[in-house]
Structure formats: C-alpha cells, structure tokens
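The first chain written gets the first letter, and so on, giving A, B, C and D; residue counts start at 1 in each chain.
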Amino acid sequence: MALTRREFIKLTGMGLAASSLGVMGFGASGVAQAAAVRPFKLTHATETRNTCTYCSVACGILIYSMGDKAKNARSNIIHIEGDPDHPVNRGTLCPKGSALLDIVHAPTRLKAPRYREPGGTEFREVTWDFALDRIARLMKDDRDKHFIATNAAGTTVNRWTSTGMLAASASSSETAYLTWKVARSLGMVVFDNQARV
Amino acid sequence: MTNTWQDIKNANVVIVMGGNAAEAHPCGFKWVIEAKIENGAKLVVVDPRFTRTASVADYYAPIRPGTDIAFLSGVMHYLLTNDKIQHSYVKNYTNASLLVKDEFTFTDGLFSGFNDQTHSYDKGSWDYEIGDDGFAKADDTWQNPRCVINLLKQHVSRYTPEMVSRICGTPQDKFLHICELIAGTSAPDRAMTSLFALGWTQHTVGAQNIRAMAMVQLLLGNIGVAGGGMNALRGHSNIQGLTDIGLLSNQMPGYLNLPTDKETSFDEYMKTRQFKPLRPGQTSYYQNTKKMTVSLMKALFGDAATVDNHWGYDLLPKLDIPLYDIIKAFEMMNNGQMTGYICQGFNPLQAFPDRGKIRAGLSKLKFLVTMDPLDTETSRFWQDFGPQNPARSREIQTEVFQLPTTCFAEENGSLVNSARWLQWHWKAADAPGIAKSDLWIMSGLFQRLRALYQKEGGAFPDALMGMTWKYTDPWEPDPEELAKEMNGKFLADVTDPVTQVTSKAGTLLDGFGQLHDDGSTASGCWIFAGCFTEKGNQMARRDATDPREQGIAPNWAWAWPANRRILYNRASADPEGKAWNPKKPVVEWNGSKWVGIDVPDYVVTQKPSANDGPFIMTVEGQGRLFARNLMAEGPFPEHYEPMESPVVNVLHPKVGPNPVARVFDHDRSNFGKPGDFPYVATTYRLTEHFHYWTKHALINAILQPEEFIEIGEALAKEKGIDQGGWVKVSSKRGEVVCKAYVTKRIKPLMVDGKATHVIGCPIHWGFTGQARKGYGANTLTPSVGDANTQTPEFKAFLVNVEKTSAPVG
Amino acid sequence: MSDMQSQDYVRRSASTMTPPSARNVEDQVAKLIDVSRCIGCKACQAACMEWNNLRPEIGHFEGSYENPNDLGPSVWTLMKFNEYENEQGNLEWLIRKDGCMHCEDPGCLKACPAPGAIVQYANGIVDFISDKCIGCGYCVKGCPFNIPRISKTDHKSYKCTLCSDRVTVGLEPACVKACPTGAIMFGAKTDMQHQAAERIVDLKARGFAHAGLYDPPEVQGTHVMYVLHHADKPSLYSGLPDKPHISTLVQAWKGLYKPLAVAAVALAAIGAFFHWITIGPNETTEEDEAEARREMRETEEEQAP
Amino acid sequence: MTRPANTITRYTTVNRINHWINAGLFILLLVSGLSMFHPILFWLSGLFGGGQWARAAHPWLGICLMVSWVGMIIQFWRENLPNRDDVAWSKAITHVVRNDDGHVPPIGRNNPGQKLVFWSMTFLIPVLLFSGLLAWEVYFGKATSIEVQRVAILVHSLCAFAAVLVFVVHVYAAIWISGSVRSMTQGYVTPGWAWHHHRKWFRELIAHRKQP
C-alpha cells in the first residue's frame, strides 16, 4: 500500500496555474519559468511512506518512484526526502538520510546469490535453490552432529552451539520475530544482533 | 530512551556525555536546538574531542576516555555535599531510605564477596535488610548510616573535584562549572536530559557508566518528567526492536530470559522471575511474568505448548553460560568449536574488535552465510584486497554464501525507534535482480530444514516441527500476519472479570493487560500487545497532533508499552499527584484518576495516598540508587580503568580495570602496555556515514571519502606529523595506515600530572563500496567487553602513532 | 522552453533591453543560515546533490572535514570548517555553509556577456540558464564571493539555483528542507530578517556581543543571509568577505568603459567616412607617374657609365 | 603573377600571405571578441555557430595571431625602425590628412603612421595574448587568483580597444591611399605611387636598381 496522502505536491505540480503560490515568490508564470530552469521532477511520481533505514531516530521519509505502478511499468525510485508530517524529523533528514537514494541504487547492491567454494578465489552466481538447499544441508549435518540434548547433569538443554547467527537490527520487527522463531526452533544459542555492539 | 525525541525540547539543561548526538542523530538533535531556542536551555558537552555537538554547546569540557564514572561520581559528590538534590523526589521515589545489609562493604576497589579465582562476586551481601514482614527496612529520616543515601555519600566522597581532575584530566574549574549547571536542575520545576549512546556502552564498565548518570538523574528528580530522563539514542533503525524481540543470546521476546541449565523445570524458571514486592503496596509488575511467558509459548508452539508439557518449556534451548555473545562466538570459532555462521545484515569483520581475530575465526568455519543488500567485507573476508585485507584465499576452506536481500524501500514492516515507537513502512519498489526478502530466505531455510528432518530424522526435531507456522504463504509470511502474531490474540473465548465483556477466540488483544497464564491467550511479544488490534494497524497511525506541543504526539504510530511515551511518568508528579513542573505536566491525579497528555505509567485509578511507588516495574516501586545484585561490578558504580590504560588506578592501584570483566587468555596476551603504546585511542562515527553501509552510497563516499585519524596539534608536532599526511597507528593487535587530521579539537589532558594524548579513530572505511579503501579501526581495538553486556570496549584503548608514507597496493 | 516568456525576470545578463516587469511586486525570498545552530552535518550538501542529481568525483581526505575540497560545477554548496581560538582561549568550531549568496546586485550577472545566461527573478533568485551560457568564466570574475565554477566537460558555469525548480512550485530548497537543526530557513526576506533578529537577541544573551546578521549592503543585500556569532569579523568563517563588493575592476570594465569604447571605435569609423567624403582618396596621378618615370630615367643616365 | 611592366614590388608573396593570415585572424578575433564585449554585438557570435563556439575559438585564434605576428616582426621590424624623416613627416600631419602632399616631406618605405600601426600591434598583440591566457577559463582558470584575472581581463579589453582603433586607422588608410590595397593584394605599386607616397624609398630603389 503506497500512501499518496501528501498530494499537494502533485497538485502544485499539475494544477499550478490555479493555485496561489504567490507567497513563495512566483505567480502563474511559474510553470513556464520552471520549465525554462528545470522541470519539477516529482510531478507525476508515486509517493510511498517509509522510515529511514539508518539510525534509531527513525525519521519519516517519502519515497518517490517513477511509474504509476501500472502493469507494464516497473517502479524505479528517483528521489527520497523527509516526511514533513513526522513528529520527530518534521521533513528534515541528515546527510545519510538525504542520500538514501544512493544506497538503494548502490552499484554494490547484490542482485543474485553467490557462492564461493572452499579454497576458491572468486564468487560465482548460483540459484536460490542451490544456495538454500546447500545451506540447509550444512546446517542439518552440523546440528545432528553437535546438538546438545542434555547436559552432564542430565538436564534437558536442547541447545545448538556450533552454528551461530547474527541478526540484522535494520530489518523489520516482523523479520526479526520470524528469524527468532527459526533460530530458536533449532535450539540456536550463539545468536545476537547489533544491540550487542 | 525513557522520553521521546521531541520531549528533549522541554529540558532546561541538556547534557551530552557518552555520545555525540549532533553527529550520530542529527534529526533527533534538532530538539536540543529547539530546547536552546524555545526553552533557553543550556547545552553541556563532555567528550574527549571537541565534536560537532560541542560546536553548538554552551559549555564544553574534555574528559579522558573511560573515566566517566569518576566524573559522574564527582557530580554526585557535588550534589550531595552541596545539598543540590530534589529531596522530596529522592525520599519518596528512590531507595535512598532503605537499609543495606551490614555485610555489604567496599574496600580498596572491591565490594564484599569478591572471589579472585573466578573474578566474580558472591552478591549475597548486596541487598537490603529484610524485616520480619518480608519487606526491606527503611529509615525515612536518613539518620541510619546504613541508609542507601548515606552509603552513597560515603562511596562518592572520594571523588572530590581534585580527584576527578586527576583521573579524568578535566580542568577543575570546568568540572565545577558543569556541576553547577547540572545542580540547577534539582529544582522541582527544572529538568535535565541525558543524551548518551555508545560513548558509554562501549567500555568494560559500560552499564555502570549509564547507571552513574541514572543515579545523578534520580538525585535531581529528573526521571519521568518532561524534559528529563535517560535517553539512550541507540544505533540502528530497529536496534530497539531487535532488543525488544530478544534477538540476543539469552533473550526471548519482551525482555523475558531464555532459561539456564540451572532452571531445570518451568516452575523453577518462574520462581526466580515473579518478583514479590520488597515494599508494602507496590505493583512490581513482573509478578505477571507467567502470563507473559505462557502467552509467548502459546504464540511460538501453539498446540504443542500445553499445561502438561509445561507450555513446551523443554522446546526452548537452555544456556550453560550467561551469554554466547559475539566476542564469545569468535573465541569459539578461533578454538575450532564452530561450524557455521549466518550474518544477516551484520558485518562483523568491520564491526567487531580485533579484526585479525575475526578474520582468523571466519577462516576456521566450514560455512558462512551472509544475507545483505550490500557486498559486505565479511562476505569477502577470504579474498585478497591488499594490505586492507591480506587474505590467502586458497588456504581458506570456508564455504561462503552471499545472499542478496531487499532493503527498506522494498518491503513492508515496522521498526521500533529509540523512543520505543513502532512505525509501519511500505514498499516503494521491487528489489534489484533476484534479491529476496529476509522473510523469504528465513522461511525457505526453515521449510527446507523441516523437510529434511521429516525425511531423514535427526537431532531433536520437536521444536522445529512444533514451531507455529500458520501463515497464508508459509514460504514468505505477510508482515501483517507476523505483526498480529506478536501483538497476540485470544485462543479461547474469555470474559473479562471486571467489564464482563467476552472476547471471542481469535480476537486480537488490546493490550498486555488481557494476557492470561492458562493458555487462553497468545502473544509473540507481550510488550507489543496493542500494536495491531481489531481497530487495525496502530503502528500505521499518522495523526501528529501534539497536545500543548509538549512533544508527546500520542496518536502518531504506537509506542510500547501501552502506547506510553514517557516511562515512569508517574514520577512527573509529586507524591500528592500534582506536577512538579506545573508548566509541563505529563500525568496528574484529578481526584479520581490519573490523567494527562500521556498514558499513565501507573494503575490509572491508584490513589496517590496508596504509596505505590512510581517505578512499578521494580520490586521496591522506587528508582535504585543502590542496584542490589543486578550489576556484575557492584551496587554502586566505581571507577575502573579501561582494560588498556595509560595510568594506574589512583583510587586503588591494585584494582585497575574492571575486576569482573571476562577476558579470554588469548585476548589478555593481546593487551598493550603504555610503554609500547603510549596514547589513548577512541573510535567513533562521523555524521557523514552510517557504520559500514554508507561507503556504498556515492554521496556519502563523496562527503567523507577516505580513512583518517584525528590527532592534536601538540602530539602531531612532537611526532612530525603533517596536516593530511600519512600516519601509521598501531596497537598490540594490528596497524592502520591512514591520513592524519591535525586538529585543535583534541588537546592533551593532564592526567595525574602527566600530559595524556588522545587519538580519534573514525570507523567507517573498509575494502568494499564506493569510498576509498581503508583498514578499519577495529584492526586496533581490544577483544574485551562490558562485564554485564559484553559490549566491546571500543572507546578506550592504547595505540602508538608514527609518521609514514602511503600504503602500497 | 523560451524563458523570454517570463515576466518574472528583473535582471537579465548582457541585455540592453529592460526585461518585462508587469509583475513587479513579488515577495522577495531569502534563505537564512543561522551558523550558531549549524552542526556541520552536511545534510544540505547531500540533499543538494541528491535533488539536483550532482555527483562530483570521490576525492581524498585533505586535513579537514571539508569534502569535496572546493565548490565545483557539481558542488553547489559546501560546508567550511574553521577551528578558531577566541580571545578567552576557548575553541570555537566555526562552520559555514558556503554557496551562492543570490546578491540583490549580482556581480556574475553584471559580468556575463551572454544574453540571458544569468537572470534574476522578481523573488530575488539569481539563476544560471545553462543553455545560454558560453563558458567564458566572466561570472567567476564578477562574483564577490568566489562561487561559480566552470565545468570542464560542457564548459558551462554552475552554482546553486536556490532550487528554483522547487521554489517555483511552492517548496523550499532541498538544503532548507533537509537541515536537521533548522539552521537553514527559507521564506520571505522580511520574515527571515525578523527571524534573524530574534536569534541575535538570544545569541547576545549567551555572550556573543557581536552577534549579527550578514546581509551585505555593498551588494544591496543578499537572498542568502547568515546569522553570525561574530558579525564583526565575517572573515573568521572560512573567508566570508568582510565587505563583499563587485570588484572595481569589474565595475570599470563592465561600467562606463564599454559604451565609451564602442563609441570611440564608432567615432573613428565615422570620422574616416567623413574624411573620405570631404577630403577623399589620395590618388596617384599621371603626373606622379610621369615624375617617377623622369626620375628613373635621370637615375639611369647618372648611373650610365 | 602577371602584372604590368615597370611596376615596383612592394610586398613579396610571403609578406602578403603573412599579412592576410594576420588580417583574417584579427578580424575573426575582433568579431568573436566584440561578441563578448558588448551585448549589442553578441549576435556576432552567431557567425561562429554560437556563443560557446565563439568563446572556444577566440583564445586559439589569439595564439595563431601571435605566431603569425612573429612572422610579421621578422619580416618588417627593420624597415619600421624610426628615423629622422619621421619627425618632419609627423610635423606635416595636417597636410597629410588633407591630401596636401606638396607640403609633406618625402618619406622612406614606411611613413610614421604605418610604423605606428606596426609597433602598436607588436606591443598590443603579446599583451592581449598574455592577458587573454590569464583569463582563459578552460586551461588557466585556476592558475592565478581571481583578482589577477580581473586585472587581466580589464587590460585585455583596453588593449583590444586600442587594437581596434589602430585597425580602423590602418584599414581606412589603405582605402584612402589608393593603390595601397593592390600593393598588399597583388604585391606591386606603380612607380608613380611610390614616387608620390614614399619618395625616398622610390629613390633608394631606383638608385640600387640593376641595369636591365
């Protein structure tokens, strides 16, 4: 669900002639003038509410994407700025937040699973099935070998200490909860997240 | 954070110590500026460096890294000797009056009960005198020398301004000026807010740093009030959420603990948790622990959790040691005790201390899985990147999987910010290539493992098979379904005994007050109960209305617990229920109930005369100046030197660093001596970057392109180091070659009569991404953590520095 | 995209005609930069690059937080840092956002030889119309603040546009919106002056006796103004000019000299023309030829042996 | 080249080629320079394909002119050295302009007016080149301070103005003194022309004339 509540931005772009923007210093000739300078790039962009991915101030952001989500169009994020309604950031963003567009489109964004075999010097692209099948196999083999069902005193402890996990504290709570369920269902105790740092 | 970001504007004094709010949290810091402009607030910054926060401060004082407890104990000494405490608050809302056992002592740097073989305490004596009625004894007149307040006075009496200056290197006049500014907020209608972050946590005494300031705030009556509080600014966007949901070695959702080997049965487990009040008439909310725990077990295991199997108690793993934290994990890896490691959005090769040890540990794994939107250093630890990552690929036998995930803009879900707000966000575009969500990947692994166990059998599949997984799409559950599961629901028709309203099975819970311990409710994270109710997704609320513009905005998103924005807000009113600060009340007693702009952190109809303390989660109902047995180092904070320190501990030379810090043998031999490494170093973030992510973002790479250290002019001159020239910084664990920023912002500190130089090491550069290649400051840092939390000591260690030339390669 | 349609220009470079100005009562806008609130976070720089799609090269660390190291064709704003030890011996870290000041009397526009390449809108924004820019660099010489930079790729001059594309549709510039501490504000110039006055009262109360507004009259004021703690010494802020003015050399060159020179050349040409029609050509006559022949003959005879 | 008998070579082929290269470059510089000099002349940049082209071409043309002018100096410096006759001729300047040549004393190969043109250009062209280089944004934009560039650009425009005046005088003189243009196009003058305008030169020529 993409909220497009803040439609005034679009309205100002589309129906500018009818609006009263004189306060900002331009009359109706603004459109012509803007066209001469540089077209306002968000006029028909789709707006989506989101939260900045970086720090825990959790600034509200508005993501603008090209395309109206029609069947034949693939959305592409073209601009991100602060959500002026958000009570904490009130539209502002820090240098990281202001540059979110560049992390979304970072050239080092990963696009396909990759695998490096023992002693290998390069990654190679693999299918998801290969990667997940192989990881599940490695996990199960290790778990079956090293799982501790009871301790020396005979107490049931059901823990697995030979494979561990670090969870992502920039993932959503829903992801975190599901991750917790998966890790603990296997008895995993070597389990932490960035809160440890 | 106990308060909200916007609430900072209500402060009269803002103290930033143990953090660098302007640089790490610029958009939150706007409320500090707002406090200055709208409330005439004074901003005080105490930091080893003159930071960008200091650049807008009204008063700045330098401090040697790792000596905050000495500083804050000195502040407490000042407040107590100059009688600058909020008397009524301290008397009524803290445990100042309670009597401590006679056996409790403190001598030569150690509290009673120290065992120097195990480097730990028998904490038996760290408690109150308990009367025959089972309650702690008290002396409201504070005449009894065993009163907490008197023991505290005695404990901090050593921290005179002279001593503070000797230890911290802070000039006495600056220290005293700051004491005066702080003391001004002991007036009932004035408040100070403490903004801190990793500058306090990343020490071997991290938790005690924070405790020291919390005690200052209690003495001043600044907890629970508008513009006050202890505000941990925190790190990642959902670091609060992951803490809340318990993605930590010993945690379960909602701050419930994973059982230990000693808790052999469910009853045993509950016995140590349903805390009975230690003072008459107290709420001690953790009495409800069983309701929370059973509801969690029902959410996790559904029908597999029954009364008969003690709600599936044995389906949970038990811990034999307090923590399998990350330092421990890498110790185990290096000892060949680990096979596999999964790094989901986490880059330990950059983020964890003693990089060489991290690389060696990863090299000993059979397999490593990384799940990340970005090409992380960890996923390429095995690849040769020159001096910045001198790996010998062919000798490393680790199988590595690099799994591409979606990022924030490509998924729905909620994040919990440091003010405990749960905020929902929406997907804006598809992920690049065939990258997948973490939900899809984790579900895929789960389903595959289930299938393998179904087919082949294997070690204890019960928990795996019993884990609830009733999602519309079991291969990629919908975030809303998961949010509802965390919120919780009724599993049976339940009639409320008071209102007589019956809730049908399947109805979503309105709050944790509806939890039951008979298996009729399920809640995956009890503190989140109320976030997604029958009224809809409360986390998606967008009403920014802010009554009296006091920074509460109660209808924006949803805050845990119970949409409460200021924790302990009962303490914002005096014992009679009137606001300490009539201009900025939070909740007040109106004669029949507690009302105000926030959800009361109290039983709404509890009369002030009931004498139920405002800190309803504690057994005393009071804020603790004396921490009983809850801290590893002792009930009072004490100054211990960092593990690597340039000086002896002048208070007790025999007990230098934290006596109960956990140190692995290999790591101990990797600590440097001041003779070889004479300078104090500290690590930190710069505002232009977020950890190790933004070097992948072109704009941020442009804004801070290259690794450097900050060094004072005096030391630079002594060492012949040029502005912008190359230097080699070395510790016992490794070396970094980078540029030097020779600055006036770091000055030598006079510590115990000796000039002590501080070197600042920003942490952001590695060998992947857009910015220039760097060695990473964690090459230098020691592998040792806080004794309570095992948070690594990144903020104070020893290095040497020399002029050099550009690295080759 | 004919910008000549606009009736909102009040100044236009290298134009001898007065621009249309039917709408001459537009509110003047201004950006107010309160350096006492600025934490030097560079959010403005990031937002500027993001909004305007500018990505300069990744540079090096050069002994300061200033990155990139200078303004450039794709660096329209830049935080400048100065570590200053005041009279009391206390350190002040003076951080200033540098960029186009949008002078009321713009030196760049005065110097520009390309008609319409630099314009000033009625709201005060000074904008470069790149399409008309010829890349001569005269604006660089004309600017009292050393702001415009010429691109090595397309040889056009660039600087802050005050996000005229955003302002046109009623939005504040990108840097203003981003600024986390509200150190950058935007609105009607008079409102910004009032805002500044309030800030100056606060700063004076905090011990900055010389706090003041930087709105230099030498260029008839600017549409980017600063609140400075040390308004008596603007140059402390990484070389903000104490008294910025369009260089007298530029004034001389672009002022009286040009019409005088053109007139002089024209006069010379006209003078020549009238010489022609009054005195006429100086022609060689048959008599001259005869004289020449005579002399040649005589010489031949003399030389004959 | 075919030409009438009994004519006198005033400018050799090399002289003429060099001159016209100069003239061409100077005109191109003049046009492109003027287009940037005053808005009412900006339309001249259209002759170069627009302002960008005019701006880009101007400094390169300037360098070419300098090279070309060096050729002029090598060829003509000697005959443009001042001498005693110049004083007398200059004193009679009012007669010169009124075509009252009877009262103008005889002069050698070049009269002081021509010498003035030569030496003015010899001075102005290098100054224009140097000041132009300082203001050449593409290559030297960062080489000097903006203040130096401001001085340079003022000096450049002053010199350009002077050069234009010299150019106007030179062109008009060529038109005014009939036969001059031919001397620079076809290279020869009639003996009468030489006798009339440069009598001393004429006499020198016939004095050293070889027997046919």
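The rule is short, and it goes like this: contacts are C-beta pairs under 8 Å (C-beta built on N, C-alpha and C of every residue); 3 or more make two chains touch, one makes a residue touch a chain.
This one's a predicted model, so the numbers in the text were calculated from it and none came from an experiment.
Pairs C-D and A-C differ in how many C-beta pairs touch across them, and the larger number is found at C-D.
Nearest to the common centre of all protein CA atoms is the CA centroid of chain A. Averaging C-alpha coordinates per chain places the centre of chain C 37 Å away from that of chain D. For the pair chain A and chain C, the distance between C-alpha centroids works out to 42 Å.
Chain B and chain D, compared by their mean Cα positions, are separated by 83 Å. Averaged Cα coordinates give chain A a centre that lies 71 Å from the centre of chain D. Of all residues in chain A, those that touch two or more other chains are 80, 82, 89, 92-99, 101-102. Residues of chain C in contact with at least two other chains: 41-43, 45-46, 49-50, 180, 182. Touching chain pairs in this entry, ordered by label, are A-B, A-C, B-C, C-D. On the chain A side of its complex with chain B, the touching residues are 1-3, 5, 46, 48-60, 63, 65, 74-77, 80, 82, 85-90, 92-104, 106-121, 123, 128, 131-140, 142-147, 149, 151, 153, 155-197. Chain B meets chain C in the complex at residues 22-23, 26-27, 29-30, 33-34, 36-37, 50, 52-56, 58, 60, 686-688, 698-708, 723-724, 739-745, 770-772.
Partner chain C is touched in their complex by these residues of chain D: 35-42, 45, 50-52, 54-56, 97-99, 101, 135, 137-138, 141, 146-147, 149-151, 153-154, 157-158, 161, 164-165, 168-169, 172, 175-179, 190-197, 202-203, 206-207, 209, 211.
Those residues of chain C lying in contact with chain D across their complex are 14-16, 113-115, 117, 132-138, 140-141, 146, 150, 152, 155, 247, 249-250, 252-253, 257-259, 261-262, 264-265, 268-269, 272, 275-276, 279-293, 295-296, 299-300, 303. The touching residues of chain C, counted against chain B in their complex, run 36-43, 45-46, 49-50, 55-65, 67-68, 83, 85, 90-93, 95, 180-183, 199, 202, 206.
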